[in-house]
Each structure stands twice: as C-alpha cells, then as structure tokens.
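Data first, discussion second: the structure below is written as structure tokens.
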C-alpha cells in the first residue's frame, strides 16, 4: 500500500511532524528536534507515521522516552484495540475500517499521547489524518486545547469513518432483501449475504473493544486527560456505542435475511412441485385415453364409430381443460 | 414533515413558549423573555421546539446558559437515548415511535431540564406534546410540582405512545399466525414477518436505552430531581421495563412464527409429494396395460377374446380404484 | 369473570375481611372498622378484595393510610411483578397462572402488607385465597406469627399454583414428542407446539420477576419482615427458582421438538421421493417394452414368433420384479 | 426402589449408623445413642439414611437438634441443589445421576453436617455411600480429619459419578455421528439424539447449581469448615466446573449433530431428485421414439425400410447410453 | 507418545534440569541437587519434565516442598486450566494445542513457580520447551529477570502455538466456503465442517480459562510476581484475548457456513426440480401426439393425408422447441 506523504516531512514513514502552540503550527521539524520542542510549556509536537521502520520507531522512542513494550507493539499490526498507560503516557490501539471493492479493508492506528506530544502510527488501509490536521489548523481555538483535543479529534475521525462502511452494507442488504421477496434471489446474492456476515463479525471485533478505550478516557481514570475535555470523550463513546448498535442490528438483519431466504426458497419449492403435479395430472388423461384406443383388441366398438376419433379428442381436451381450471382454483397453477 | 404550531407562539420552530406558576399558565412569552422569567422563584418556563434552526437554538442557549455540546446534539437527530448532566442542568435524549402506513416512524425528543425551565426539542415523526400541556394545565395541583413533574409527564407520554405500536404489531402477527396454520401463507406474509422483525430490532434500540435514563432519574443520582417525585419516575421505569419485555416477547414470537412457517411449508411439501406419488402410481397401471395390448405381436390370445377389451378396461379401472382407496387409507390422498 | 364471594363479607368486591389475634379469627369486620383494629397490638386485619371499584380502594386507603401511587397501581391490572416499599408498608405485585381450556389464564394479585394488616387485591383468573385462609385458620400456631406469615402463605400458594400448569404442558409435549417419532405428526400438533411456546414466554414473564421480589424479601432489605421468618421466604425463593428452571427447560425442550419435527419431516420427504423414484423406475421398463413392440415397422421378427408375446410379458415381469427387490435391498422401498 | 441395607443397622431406612474417632470406627450405634456420642470431643457420628419415614427423620432431628425447615425439605425429593446454613449446621442438597437403560436416573442426597456428625439422606436412584465409607475406613489418616473430610468424600463421590454418564452419552453421540456421515441415519437415531438433548438439559440442571454449593464451601463463608480442608473443596469445585463444561460441550455437539443431520438429509434429497431426473430423461427418449413409430399414418417411409426397426432400436439405445454417461459426468448418477 | 530428551538430563521423564544465574546456565544438575541450588540468592533452577512417574514427582516435591494436592494434580492429565496459590508457590495448569493430521491434538502443561525455581510438567501432545530454553539462553538480559521471566516466556510460547492451529482451520474453512458457492459441496466437506466445529469447542475450552490465569498474573494479586514484569503478563493476556476472539469468530463463521450450505443445497433442489418439471413438460407433448395418432379408430382423416406423418413430426418438434426456449426465458433451464 502506497501513502502520499503530505506536509514538510520528507523522510520515508513520516507523514507529518510539526509543533503547535496557541492553536497555530509554528514549525515543521525533524524527529530529532521533537523532544526539545515538547519540553517547552504550551507546545505540542504532533507526529504522523505510516508503517514506520523499527529504526524510525526507536528514534521516536528516544525523543519521548516511550515504553519499550509499547514501541514493540507499535511496530507490528494485528493488535486488539486497547488503552494502556505507561507512567504519564498513554498508548492507544484503534482499528480503522474502509470499504474497498465490496470488502472491508481494516487498518490500525497506534497513538502515543503524553504531555506535549501526540504520535500516530498507521498500519494498513486507513484514511490519512491529514484531513484532521487541516481541519484543526483551521480552528485554532479548538487546537489550542492541546494534545487532548488532538487525541479526541483523531478518535472521532476514526469512529466517523465506520459510518460509510455500515451505510454501504445497509444499502447492499436492502437490495438483496428485495430480490428475496420478488423471488429473484441468485446464488451470487447468497454468497454476498454470507460475505457480509463474515465482514460484520470482523467489524464488530474492530469496533467493540474501542468502546472500552473510550469509556476509560471518559471516566478520567487515566492520567493526562483534562477534565473539561471529558464531555468530548463522552461524545465519542456515545458515537462508538451507536456504531456498535448498528453493527449488531445489521448482524441480526442479515441473520433474518438468511432465514427469510431459506423460507422463500422452500415456498418456491412447494410452488414448483405443485405445478409439476398439476401438469402431470392434466397430461395423464389424454395419455391414458390414447393408450386405451391404441390397444389392438378385435372387439372395440368405439373404434368403428364414425365420430369415435373426434369424440375421443374432444373428451381428452375437455378433461384436460377442466383439470386445468380446477388446479387454477386450488392455486396450484 | 409539517408541524401544526399550537398556542401563542408564532415563530417558526417554536411550538409553544409559556410561563407557569402555582400550576397555572400566567404568560405566553417570547424566547428572549424566558431567561428573566425562570429566575423568579416558583416560576417555570416551558418551551416546545420542533426541528429548530441553529440560530433559534443559540438564542435559547443564551437564555438558559445551556452547555454548547448539548446544544450541538440537540441540533441534529440520530442520537442514542441518553441522560447527561451539565452542571445543574439535565440533557435527555429519547426516541419516540408511531405506526405510520405499516412501518414504525421514529422521532427524537431532546429535553433540557433545569431549575425553572423545561425545553423540549422534537425531531421527525412524533406526537406533539400539546396534549401533555393541555392535560397538565387542566390539573394545576400536579403542574404546581414544577419542572420535575413536567419532565415526568413528557417521559410518561413518550413511553405510553409505544403501546399502540406494539398492539398493532401484535394484531398483525396474530393474523399471520392464523394463515400459517390454515396453510394459506402467502409470500407477502413472509415479507411482512420479515419487515416486522426488522422494525422490532429498531424499536428495541429506541426503547432499550431509555430504561437506563429512567433508572438514573429514579435513583436520584442526578441533580435537580425532587425526592417526592422519585416514585413517579419509578413508575415510568416500570413502564419502560414492561414495554421492553413486550418487545422481547414479540421478537421471540416472530422467531417462532418463522420457524413454524418453515415447518408447515415443509409438511406441505411432503403432502404434495405424497399426492404426486399416489397419482403417478394410480395412473401407471392403465398406462402399462394399454401399452401391453397395444403391442403388435401376431399371437396375443386376449386380443381375440370377444370381451377382451371390456375385461381389460374393467381391470384397469378396478386396480386404479383399489389403489386410490389404499392411498386414502395411508392418508397420502 | 365472576367470583363467588366467601366469608361474612357481603359488600361487592370484598371477598373476606377479618381480624386475627393469637392465631385465631376474632371478628369479621367491615372496611371502615379495619383501621381501628389494626392499631391494637397483636391484631392483624386480613382483607381480600377481587377487582375492587376505585371507590372501595379509596376507602381501604383511608383506613391504612396507603400510598396513592400504590392504590393507583392496584386499581388496574397489567403490572409487572414487583416489590415496592412506601414508608413502613410493602406493595407487592404478583402474577398468577392457571390452565383453562388448553391456554394459560393469567391473573394478578396486588398485596399491601404493613404492621397489623394484609390486603390482597386480585384481578382476572386466579384461585381465591379462601383456601389459604382456611388452611391458616386451621393451624393457629403458624397464623400467630402475624402478617409476615400470611404474606408468606399467599406467595407460597401463588408459586405452588404454577406447578400444575407446567405439568399439563409437560404432559402435552410428551404426547407430541411421541407423534413426532412415530411419524404421525399432524398440522394441529405443530400449531399446538407453537402455542405452547408462546404461552411459556408469557409464563416466564409472569414468574421471572417474582424471583427478585422473593429475594428482596429473603434478604431483609425491606422493612417489616421478622428475621425468624426469613428462612420461610428463602424457601419460596427456592421454589420460584425451581419453577423458572422448569420453564426454561420446557422452553428448550419445545425448541428441540420443533427442530426434531423439521428433521423428521425432511427424512419423510426423502423416503417419499425415494419411493417415487423406485416405482417410476420399476414401471418404466414395461412401458418402454410395450412401446417398442407397439411400433408399426414392417420387419420386426419378434412379432411373428409364436411365443413372442409371452416372452415379452415374462421379460417385463422379470425386470420389474428384479428392480423391486433391488430397491428393497437399497431400502428405497 | 429397593435398597440393600449394609452394616449393622437393622432399622428400615437406616443404611448405616456408626461412630468414628481417630479415623477408626469404634461403634455401630442406634439413632437414639447418636446425640450422646457426638458430644464427646473427637468423635464423629456418621449416619446414612435411605428414603426415611417422617418419624425416623424426627428422631434424628431430636438427636442433633436440626432445623425443622431442613427436616421438612429432607423428607421429600425434588429439591434444587443448594447449601443452607442453620446456626452451626449445614444443610446441603445435591443431585446424583446414573445411566440406567439408556436414560439418566436422577437421585437426591441431602446432607446435614455439623460439629461431630454427618447425616446423609438419599432419595431415588443413587449409588450407596457404602463404597465411600469402606474407602475412608481403609485410610484412617484421612478419616481422622473428621466431618469435613467425610463431607468432602461424599461430594467428590457424587461428582465422580457424573463422569460415566457423560462418557456413555459421548460414546453414543459418536456412534450417531458416524451414521450421519455414512448416510445411514435412521429415525431411531434422531429420536435418540432428541432424548439425549433432553437428558442433558436435566443433567445440567442437576449439576449446575452444585457449583455454587462447592464454591461457597471453598470460600469458607460458611461456618464449620476447617481452613486446611479448603483446597480439597477447591478441587471438588474444579471437578464440578469440568463436568459442567463437558455437559455444555456435549449440548453444543448435539446441536451441531442435529444441524448436520438436517444438512445431510437435504443433500440426500438433492441426490435422489437428481437421480430421478436423470433416469426420467434417459427413459423418455425410447418412449417417444416408440410412440412415434407406433403412429398409424399411412405414409411413414421408415416403417417400410428393411432395417427400420433395428435402426430405431439402435438409435434408442445409443441416445439412452449417451445420456447415461453424460449424467454420470455431471455426477447426477 | 515419544519424547526426544534434550540437554544433559539422562533420567527418563526429565527433559532438562539446569541452574541459571545472571542470565547464564551455570550447571546441569540432578533432581536431588535442585533444592540446594535454588536456596542460593540469584539462582534459578529450571526443570522440564515429560509425563513423569509418581516416584519422580515425589522426589521433585521433596526438593521444593510443593503442596501434595498440586503434585496429585500434576501426576495426571485432564485438568482445567487454572492458577492456584499454595503458600509462596504458584501452580498453573495450561492446555496446549497442535494440529496433527487434521485434528487438534491437545496437551497439558503444569507449571510450579516459586522463589528460585520453575518446574514444567508436560502431558500429551505439546511442543517441547527446549525452543524456549534455547531462545532465553541466547538473551541473558531477559533471562536474568529470573523465574517470572521464564514463566512469561513459557506462557507466551503456549499461546503463540495456538495461532498456527487457527490459521490452518481458517484456511480449510475458506476452501469449503468456495465449494459451497460454486455448488460443488461434497458430503466429506460437510463432515469436515462438523468436525471443525467440534474441535473449536474443545479449543475454546482449552484457551478460554487461560484468560483468567493470565489476568490474575497481570493484576498482581498472586504472590511472587515482580511488578516490573506485569506489563509482560498484560501482553500475554492481550494475546489470549485475541486468540479467544479469533476462536469465537471462527465458530460464528462455521455456523454461517453451515447455514449457507443448507441454503445453497435448497436452492439447488429448486433448480433440479425446475429442470425436471421443464423437461417433463417438453417431452409430454410428443408423447401425447404420438399416442393420439397411435389410436386405432377407423375414421381418423389425418392418418390418410400424404404428409400427415411429417406434419405431425414437425408439430411435435415445433412445440417442444418452443417450450424449451420458453423455459429458458423463465430460467428454469
């Protein structure tokens, strides 16, 4: 996966690396300068990394004195969403989701947050936080809240990005629902229903543990969060809860859709068998009559009747037509 | 969605805006006067808004000094039901439900409650609280309890409005049940069962979190509720719990109905196939006999018998009739 | 629903109204005398009401100074089982169940218990507590424990009455089970299984919350219960727990029975289709042979053979019989 | 149910009644002597009863001063497993299970344990504790721990006896699994699967609450247990937990087996229908050809060809054989 | 099961027995020397046993003064994963899993950890900890943390070994999924799906309780763990949680796959029956026409027409071809 590196950062793996004070970007810096800047009161270093090399991570670690275990985790993807506190620093793992070619592409973001710095490390498919950065730079009042606000903005952005995924799945499910009930369900749609169920399980695994993360941030049992920021994190928690509820709803709906399609397929089977039975009955009569008058007995009086043939034909037709309408009335045809 | 604005309020988005004291309406006021009135002891300002503009919300905020995050939430629908406390004020989100054209139409009500004021903000399909207002104005004793009683009355009204929805679903399910067991289930009914299941999931999502809201109000861990009002809120909690129980029961019943319809469809399939098999057997005999006597062998003694044809016909008939009654005894026909 | 009013009480809605002291009934009284009696130490007024009028309830309220909200609840059925404490008085709602014409008829009992009085208010189908009263009057030692023992006796009676309902359902399910596995399942039995599942959901809703009620009584977190009575209430709790376990077991068994009947119906379908296929194969051979020798080619040597016809007949028979036994060996017939 | 009474006890209902000191049996006594013996320090009276009469229970009660409610419970079966403490005595109800004729036979054991005595009361099908007694008498060191060790030994014995039941069910399920996947599933096996599911629900109800009993014994929140014995009870708890886990696993496996058998039955249905369709197609061709050349048109040139008949036969055969191999390639045959 | 014994240990049942100090192996010792070594400060004895004899276990017990109940447990397999504390020593049971010939082979490891020693006892199929030992010996810094680090390394190794099992199951499930949706599902695959579901239940039982074990180690409520090691154990806990999540996901996916295969099988049944019905209809027409012109009526004008035969043939063909294309348009063929 390629990454378009924005901002002044020119090093591979570094998406952006700037220092903010009073809500304004005051410098684009290198990793090695970051430690010095963050020690100045009121200054926040915000560094964005994308799939960094172990070497780059080690250089970052030295600047901010991060815990080795957290750095170890940050170097590899496939973590469960979690929040861990090492001394005065927070380490947060979140999973991101995007819809790519009809499948959910998952990515991971690892965040280090401490007094005077926010470091985001992205792995895999995930939207760049350049959008968040630009948005924050455009409202200095918000940004002047410092690292807590940046953390909030990133988490909010991650959670916001789940919504389009759910909307796309929802739209697709509605399409399949229609095809179930107008009896045009194809094997491909069942396959798709199945895939969506699988994807939703993975999505729930990605979003579910994030609720714990947000709740812990909200309840201020972790160190560096400013009390006035807590309602913001409560908002994110609410948002995650809503996302989770939607995932669970969709999962239930998909299960219902599966059951409904089994039901409808079975009703169709009944319809077909009824039709088969009806036509077999309708066609049996002329077959039998024709068979009877095809026998070679010497003495078969009807055969010599002038109109025998026509009477027989008319009889066959009459019985068949009669049966046909009888089956129609039974709704077998 | 249109809204018929009642009362003296003439501003768009404002349904009603009055001041009450000692259980009586003493004035219809404008938004800008509200702040002054609510500071007078014993006076309560009750404002009803419907899908207000951001500008209107801001004007309301200034009068009552509401928290910006709550105002942000109130400006948009699609919140989860919740109760939040900002300083001395409560912010409550509840979801309302009504049956419209066979589907549940959901609405949202956001409530701001504080010393001397109740503000309701409605979004989407929901019954106007004009009914509540009229009812309260007609019993001044109750209304004289102030803002807590108004809050109770509005919540009670919201919960009460779930009942007709459940009753209508219940009635419909009973109709479908009958059609399952008298074997007249149509595809449309399965579609309907499916839709009802979906709707119930959404209804549970709307009503379920309300239980938490009411329980927190009941347990007085939130600021402005008067202790003598607590049993009232306990009553509402009980009511929500009953609604939730009914939703869960209906959900189970719908699942049973689905299973039952699968079962009955399969039994029907058995019936049809039995019938097909029985008729195939009955008709096979005359077909074979006719085929045999239609062969062109030189030496077929029966063909020359005077009564051969009639004996053959009688034999065919006898075997067929015999089989028919045999299958009847087996209950295949 | 009619109610045969027992005892000395002659007022409509009042089933019984007596005063007890030292385990003996010392007077049958009117509502208006009750308040005075209950104030005498060692005296207990026990009043039984059946669907009382609002006016009657108000008169009772005045005598015992009951909470208006509890009286409001007692005047109408469809409450959830609950225990509420108002000052020194307990208000308990319980749901009763009886089997009537193959359906569970639910009733409600509301109990007011306080120092010196027990008031029971019954709604809908429920056994009269006259039995309990007679039983207690016959063992004065027990009755002399006062209002707690009466409360215990009534709750125990309510819980006891669930057992015959469960036994009847159990018996019916066993009958249906037999018909599933001897392949005589009728549509009516499926309908019945379905109804029983519905009823059990309602029964669980009625009995389940009673467990909370009993547990709170047992754990003495409510005021007026005598410590030596606590083991009695523990016994009732155990009993409710056993009832709940039986309900859950029955619900599981019914779900299994549904699944089993789907399974058996499908196996039957297989049997029928196998039989259809086998008979179609057996009968196809004579049909084809007869067709062949019914062709009108000039040169068909077999037709001129003296024994051609008999050889053909024998051949048809031989192949058919051979196929028949082959299918038997395959267990398709 | 009959019971072979062992030991010196000759009274009906009394299985054994002995006194132990220092790990050795020092006397076989009568019920009336028991109270005196248990007061001597270091002596333990161990009494085993089987379905005792109310009178016998009352005599036991007097000797050990047991609580009347516990005695009431002990006189009747159908209690839920539980642990209750009356003063310094423990009353424990446990359910036992044994496999008898392919069904689980449940029994009940009620235990009274206090300073200086253990009384076991058995109801219904359950292994006699004579085995436990003999085993303990053979290791005096263990027995010298007194009543706690006896209680432990009995509970351990009860839990141990669940294992053969589970093993037998497991063995049977494995047999049925094989028959599912080699397509030889019979109706009887489905019936058996169904019965096993029912039995397992009952077994879980019997074993599940025992976990609570053991956990309470282990956590020493009940009076008379010696701290050094606690790890023993922790072992029993572990054992019950393992039994419960096995029951849950078996329940899941049985549910899977049910689903699998539905799946396999449906695949079989497909196979049969494919075969039916294939043979119908193969046989249709000769039937039609024979029908065509059986028509009586004057001018049918093929009929006069010298080899017409043989060509027709060969054609029929060729098409049928061709179709046969075509269907084989499609795996329909 | 055979075990290749590594290291200097030559006694059967002893895989390795060494003493470490400052992160370096300083001696390979015998069991009888172990007790003396572990008393020296800064020395750790690490003993690896494989299915030891009771005698060997007793000798180990004497050296380290282990609790008899723990030794009893260690002597036999089939324990549930658990952590128990005896005095200053920990006893841990963990279950290991490996994929062998398409089934999960489970083993057990019992660990004794105390001041100055780690003893691992392996039962059944499990990877030898020689790998762990070699890895630790190659990084003396880690090993110098002592017994806590060794415990961590062993647990981490056990949990790591679950991953390949899950990956293999995942791979297999994906193969079966493909065969479901390209309609080539064989009975063998259903059998395999079933087996995998069973295995996963067992795997969950093995891995699930390990979470409790790790959480207790992480939360330092057990004695001998060094606080600086806690984040390490938190990492293992996270890992177990992820494994559990994957197991649950796989279980859900397998359940979906079962449902999907039922659904697809049913759709296939519909396809086949539609095809059967269509071909029966197409072939019925020529059969009937041939039957009619095979009748022996004297007066059948068409029979005498010069082109009658050819017209009849053309008519049959036309109708059949017409029906064929009609059914194609209906997608029945």
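When the chains are written out, they are named A, B, C, D and E in that same order, and each has its own residue count from 1.
Rule of thumb we're sticking to: contacts are C-beta pairs under 8 Å (C-beta built on N, C-alpha and C of every residue); 3 or more make two chains touch, one makes a residue touch a chain.
The structure presented is a predicted model; accordingly, all values stated were derived computationally and were not measured.
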{"item": "Touching both chain C and chain E (chains)", "value": "D"}
{"item": "Copies chain E and chain A - interface residue numbers shared by over half, same or different", "value": "different"}
{"item": "Rounded Å distance, chain B centre to chain D centre (Cα mean)", "value": "43"}
{"item": "Centre-of-Cα separation between chain D and chain C, whole angstrom", "value": "26"}
{"item": "Interface hub residues of chain E, defined as touching at least two other chains", "value": "262, 266, 269, 273, 276, 280, 287, 291, 294-296, 300"}
{"item": "Order in which chains appear around the ring, chain A first, chain E after it", "value": "A, E, D, C, B"}
{"item": "Residues on chain C engaged by chain D in the complex (per definition of touch)", "value": "177, 181, 183, 231-232, 234-235, 238, 241-242, 245, 249, 252-253, 256-257, 259-260, 262-264, 266-267, 269-270, 273-274, 276-277, 280-281, 284, 287-288, 291-292, 294-300"}
{"item": "Chain E - residues contacting chain D, complex", "value": "67, 69, 73, 78-80, 82, 84, 86, 185, 187, 190-191, 193-194, 197-198, 201-202, 205, 258, 261-262, 265-266, 268-269, 272-273, 275-276, 279-280, 283, 286-287, 290-291, 293-296, 300, 302-309, 312-313, 316"}
